[in-house]
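You will see two complexes here that share chain A, one where it goes with chain B and one where it goes with chain C.
What follows is the complex of A and B.
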């Protein structure tokens, strides 16, 4: 009986082993030299073709979408080094170590990707090779971003994460799980350095401004008689003061097309001096007749750039009782004002680029480290580019005032962006494809402000983005990892007894309505 | 097998069989699924996310097993098996505590409490799984033949650490019962001190974890152990844990208990019929007790609510109305769902006031406040009525609150396909493909994509071509705008008319009669007729042109009867409200007269 059983089971086991081996065994590699490249273009997903990439970026894993039974990829550099990958699946995962060697040894040169696809008849077909360029300019190795589901009114789970761009490692800095699901917004650093950090929390017990300055943790209430709590920040290069906008934002919804939109009903700029714990402002940056927002310091700290538009009542039509806001006519100009960090005195305002001139609403200026260019968002209207499909990344030459839209934009919204510490790379959020989920994209920028083709942040699983429903928010490039003691941070956030109450500079004599700003329902277009 | 084992086996089997059928038919696992909508994906990434946090593995397993609630028989089996495991482990533990003989039913007590807890539709399976793990640890710990105190402590500490990682706060159950075991085993001051030391160690473990990992003290102590939820049987978790502690002292009180039960037993044995069928009576008694506990703890209102939601999603409109008729509770959602079901059954304007309507227009269209606490219903309604952008808005609010549930992924995919955002829809479909049991929803979306590509929109209303700004505070204004933009949309039309009925806008109702033929409606709906009869009582009423529609003479007679009945109760409003309800409660006139009284009832 036992022998009979063995006689039946043994062949079954052997067949199973054979089947397993045939399914998982290595794919034979074609001889590239014997195959003539076809005119067929490889369809790579994500699109990592014809790009300039940093020499320190993680492997650009991809999926070959050309149909086939098996796949072969050979990556070679002009200056040597070779990677060969064969796979039965279209997902191509490049080994990290070999990739590093390849990029390091081919800085400033091209790398070539030869791809072959095996047809059903067992014949290998060679696709047109892909050539990418390896830049000599490294990208800052850390990207900090907020990750959350596309947000409307409600929020629940969100987290601040840092990703090592040289590997696939992502670590959690903080999630709002630990702070009773409070919402946290802008995070900012001093010139791509991770030592000093600021975050803005809202709602609940932890609401306030959190500042980490080295080992020092502070919770600050920036609300004064002049203003309600601060919103969009920009750290001065000296790390001792922060320019903030004070906004009164409202969301409304469309019946068709893009669903949501945000409008700023009132805004002003203030400066918070961390050492003096003082809020100050000037009539030129907080004028009652204008809405000033999105501050950005120049790298030398001697100018403050920001965006400005007329007060909203200038955009209303209809009767006095029922003023209808022409929200789609609201456009912002790019403004600059001189600043003396030693004395705190302000210079004269000047319009760098007016919306009338370019026909666009200019928002979120970010100044290149050499002070030569401003990267901005340009949309047909509004102040919230991440919700506006027409929003593109624009480049402004700050010396000549010449502006253009680099060839990095898509039909969907391109929004939050920033420079690397060297100024040779930019990161920006793009909703290309889905229209609803922002992904961080990188592009090389040369000294003339010319950009390379952008590429999405690589993931270990090349199909990662195809089923990932969260959006990446406010990507910031850093030269080193953030050393954040989450426990200390949470303790500080909950410690309302030691909250630092900002004072108002006695020199500020003018007033606006922002200290008691209401929801502004009367001006919203519904 | 001796008598005791046989009795215990029969009793346990009877209990578990009752539990299984009660869960299947009374609680209904598919309704638990509806209430909880657990999120689970069969991908490595989803699993890895749970690995890094204490209690993650229990949460992961619970999320996985909760998926089976959608299959009622398997769902009931899952709950029964887990509770069965706890009951068996309790029996083993009691045997370790009192090796000689324990009573045949004591081990069922935790099962009884768990049955009560699972009668609450939001009770998380992770808590039950946590208890299962704690009891398994306890049985393991009480079984080791190690006598050396140091080694025992080491074993206890390792188990505490392991259980904390596996099931976080539920470790405390093991910690307390394990420490008590040290005391009850030695029955000395030394034993008590030893237990106390053990307990102190276990008590500090979650605190240490808060230093080392990113969890808060509340999470460290309470996750999978206690939930701050509005339990109808809020005391049941406490009752369960106190009972377990009480059972841990069994060596102290069992002798007394035995003495008592032998006295009662002797008396029972004197009754001839009970002498031979004593164990059957015991089974019946335990079953009755179980049924009583289950019956008491089952929230019928919750069941009605989730059943109505469940059948609405399944588009079983007649069943929705049947469920609501069985328990016509005054809940805003119940009113809303009944209105939708009535519309789809072609009876909205005939029977609107036959179903709960105390919430008035808010119940019809859902209120702003309600939507932000439970946005998924607004999302479903907007989708139903063809208001795609608002459906998208509320779908995202639901996604934020409830996570990536299969239903919300399906809705998002549908909306995006209809809006032409195929890349976004593809992401949702891919995500649906990663679920355990919802491949059919993904197939459904694929089919819709094929249909749309072929130009077939099917049951989906035409999209709105002209934009307007949504007034989130006044939904009826949006409804009016929709009426202008989607004149062929019957649901918009009917909800508008229902809204006018609630507004008591007789003039508005009269003005809309001319539109009835557009929808092929040949008879003026009953409530509309009731409103028009009232309109005719106004000074210019006789000149009304009802566009060829006729008023039912029996309705006119009915109104006269109602008026006479009202006159008799002229000064007793509340009394009239109650007395006239059986005969006239389903008429528009009754609503008009008693709206305020009915409103107070909500």
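What follows is the complex of A and C.
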């Protein structure tokens, strides 16, 4: 009986294997030299054409969208060996090892991608070659980001992940299904280093500020008589002070165009001293007549940059309209104030770039490691660029005050951005294409602040982004992986008996309006 | 150490009728007859009464055929049983296939219970006991909230338990790593239900022959370390989180089953019965045989068979939550746009909740009966039953998305579809809605994403076809005929959405698009329910924009009230006269009131009997809530006026 069964099954299996082989067998490679390049431009998805790429980036796998029956790609550089890939499918996956060798051999030089597409008649057509430049500047190898569904009112699943940009390896730092689906955000590091980090936990038993300082794990309640829990942090380069803003954010919805919008109704800045466990501020950064937000330290720690606008009632002075209705007139200026880290004294306040001058609302300043440039968001209004499609990345020369929008922007929102440790690469979130889902993009920046064409973070599956519904949030480049023990972090956040209660600097006067202001999100009635 | 052939399960051997005595034949026949009646009753229960399609409607587990979807399930304990349950649940959308799946799970549990018990003792006389887990599982599966992953977990744990009992006499050296591996694997596969396996493993260890006390002690230590240490290792939050986050995951303890503590009873029964059988088997063959003789005595056999059938009937009569079923049926009909079905269900089960009431109004609008019939149906929630506020609708985000989509309020539909996506996961209904919205909004890239995901579903792939056709068409989306038609309903100027005052959206929508009939009808219904007759009358002229042939009946009733209050004598509104019949009914209503000297309380019963389905009665007697903010003519936030 068993033999009979085997006799029937064996040929079937062999036929199946034969069929599979005949379908997936190697594609014949065209003789490239014999084909003249056509004027047809290759359509690559994602668009990895005419870019400057880091010598240590993972393979830029792509899909050739030019129709064809088979595909052939030859990647070559002045030095090193060729990479040849043939495929019946338009997905091109470049072998990691050969790719790395090619990039390392051709630092500072161009690499060329020749592509051929086989027509239905069996004829190979050669497309216009793609030339990309391999920079000599490496990119920081780790990118840390939060991933979640586009958030409206509810959240459910989110996670903090780190991606090795030299490979396709992504590891989970923490997911919120480990902490009863509480929200967390604002992961922040000290100058691209992973040893010290902080992040906020926003709901339930774990609520509070988490600080990892080497081997120390702390849960801190930053709320004092002056302020509710803080947001939008920036680590001082010494790793011992964190600048925060205290915000009163509300979300509302539109009937046409972009669905969501956020308005900040009140905000101020405070400084948390980790060693002293003390919250302090100064009238210049928490003035009752202004909304101050998005602090960012200069790399030398001797200046604090932030964004500021008039209080909302100023926008409707002399009118009986609700001030919140003026949301589309609210624009922020870029401000700088000197700071003496030794004494903690503040210097003079100055406007670096006013919204009146540039006609844009300036938010989320990030200062280049050499202190020369500030990368900012520039939108036609508001304080929440990720929801505003007019938001672009802007560059401000901090020495001359000259500003411009680099050629890295799209018609959709470009928002959260940061510098690599060398200052030669930037990462930013862009919603280009979908308008709804942010993806991390990288661009090269030279010493004059000029940028190369941006490209999306490569994935092993080149069609990955087409059906990936999560949005990438707050991408941060790091020089090394985050050594985070999730168990220790979770234990710390659940341990409310040992929560560190921040004290308020006795020199700071209590302000009722700030202490009572809500922090984080809530939904406005309209 | 001697390798011993594992004890074989006689139960699974073919029945050799020729060797059986007549008494045994009758016993066998009785057993199989009981099985047949029991499962026939269960089939009727789940197929006709419970309806697996409603279980699916309640839980809507997401399932995609891709590795990317599978990957996260492999990353946590119990994830694989959840994945298997999500797969099986997809078939629940077909009522009878779903019933078959449920019966297979119950039958599988019973068969594996027999397998487990037969691993303890070869004596087959106790197999009736296997009905107990089947009955308890059937009770649990009758609850619309019961997670199928638990049932899958029970199957796996029983299977593993049977195996470990059969391996108990294996040599010490291979058995220890096998025990450790099986314990860890069982926990990884199914999470909480692995506790049965741990308990049975303890029984296997201590009932094993040819093992020294030291060896048994080592094996027990291994079991404790792996059984309790492995979950601890896998769950970084253990120790700071309640136990149920890992050790008890997939053991549903908070679901109010029709019978109390059924999940605990099921676990307890399997463990205790196994231990009992083992103790009995230790008493010696003659003792167990004499016990079996009593157990298999005729009257007891009959009692057991009748008890099993009685339990099945008890399941049938006690486990169905009629209210939950009715509400799910209404939601199901609303999804299918079976509006007559919605209204018929409400006629049969008028004890509706706010969401059912919301669907009731949708059904009346879509069947053209809102103005004529809305007060003939239960109106216990007032405006909250017409359009629930955001806090109430949060758990029904898909329905909110559908509602706003029908009203051509596409941004708000997109907003709620995203809330639903976050809350419920990417189920095909949400994906399809988001694809439609993005097609209308002309967002080709997002349309492509939703279509790709629809194409990865198990049973709804075909839903992607029309979107694929739209994407393949080189014509811009906004110029494609079907999309163009939908876009024509879309407003072209923005307003801020007022989540707490949805009638403001109705006003904004229909003033920006005077052809938005649904927004207009809902606005009028809102004013009636909010008892704002003045505002209702202010908008009555706009009915000229729509193809009305007469004043709807409830509108006439409201207008008659208005005429009395304003002492108006002109019964013509928007070119339509109030019907003579309505005027006569109104006069009669007033006469009844007069008959009772204007005493509303005394007149209540007669008015309820004759005019309980009128707006007059609603105005006079309904206790439905009115939102505090419905009294203002101008909205403070948006500046919109009614």
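Structural remarks
Definition applied: the second predicted complex is superposed on the first by the 488 of 526 C-alpha atoms of A that agree within 3 Å, B and C clash if a C-alpha of one lies under 4 Å from a C-alpha of the other, contacts with A are read in each partner's own complex, and residues count from 1 in each chain.
The rule is short, and it goes like this: a contact is a pair of C-beta atoms (placed from the backbone, for glycine too) under 8 Å apart; a residue touches a chain by one contact, two chains touch by 3 or more.
A quick note: this is a predicted structure, and the numbers were derived from the prediction, not measured.
Considered on the superposed chain A, chain B and chain C are sterically incompatible, since they clash. When both complexes are overlaid on chain A, the residue A:253 reaches chain B and chain C alike. Contact with neither chain B nor chain C is seen for A:84 once the two complexes are overlaid on the shared chain.
By the document's definition of touching, both partners, chain B and chain C, reach A:154. Look at A:495: by the touch rule set out above, it reaches chain C but stays clear of chain B. In the superposition on chain A, A:216 makes contact with neither chain B nor chain C. 149-157, 177-178, 252-257, 259-260, 433-437, 466-469, 486-487, 490, 525-526 are the residues of chain A that lie in the contact sets of both chain B and chain C, per the superposition on chain A. Interface residues of chain C facing chain A in the complex, by the touch rule stated above, are 68, 76, 235-237, 239-241, 390, 394, 397, 409, 411-412, 414-415, 418-419, 421-423, 426, 443, 445-446, 448-449, 452-453, 456, 490-501, 505, 508-509, 635-639.
The residues of chain B lying in touch with chain A in their complex are 45, 210-211, 214-216, 219, 372, 375, 387-390, 392-393, 396-397, 399-401, 403-404, 409, 421, 423-424, 426-428, 430-431, 433-434, 463-472, 478, 481-482, 485.
The residues of chain A lying in touch with chain B in their complex are 149-157, 172, 174-175, 177-178, 252-257, 259-260, 433-437, 461, 465-469, 486-487, 490, 525-526.
Note for the complex: chain A touches chain C at residues 149-157, 177-180, 252-257, 259-260, 321-322, 324-325, 433-437, 466-469, 486-487, 490-491, 494-495, 523-526.
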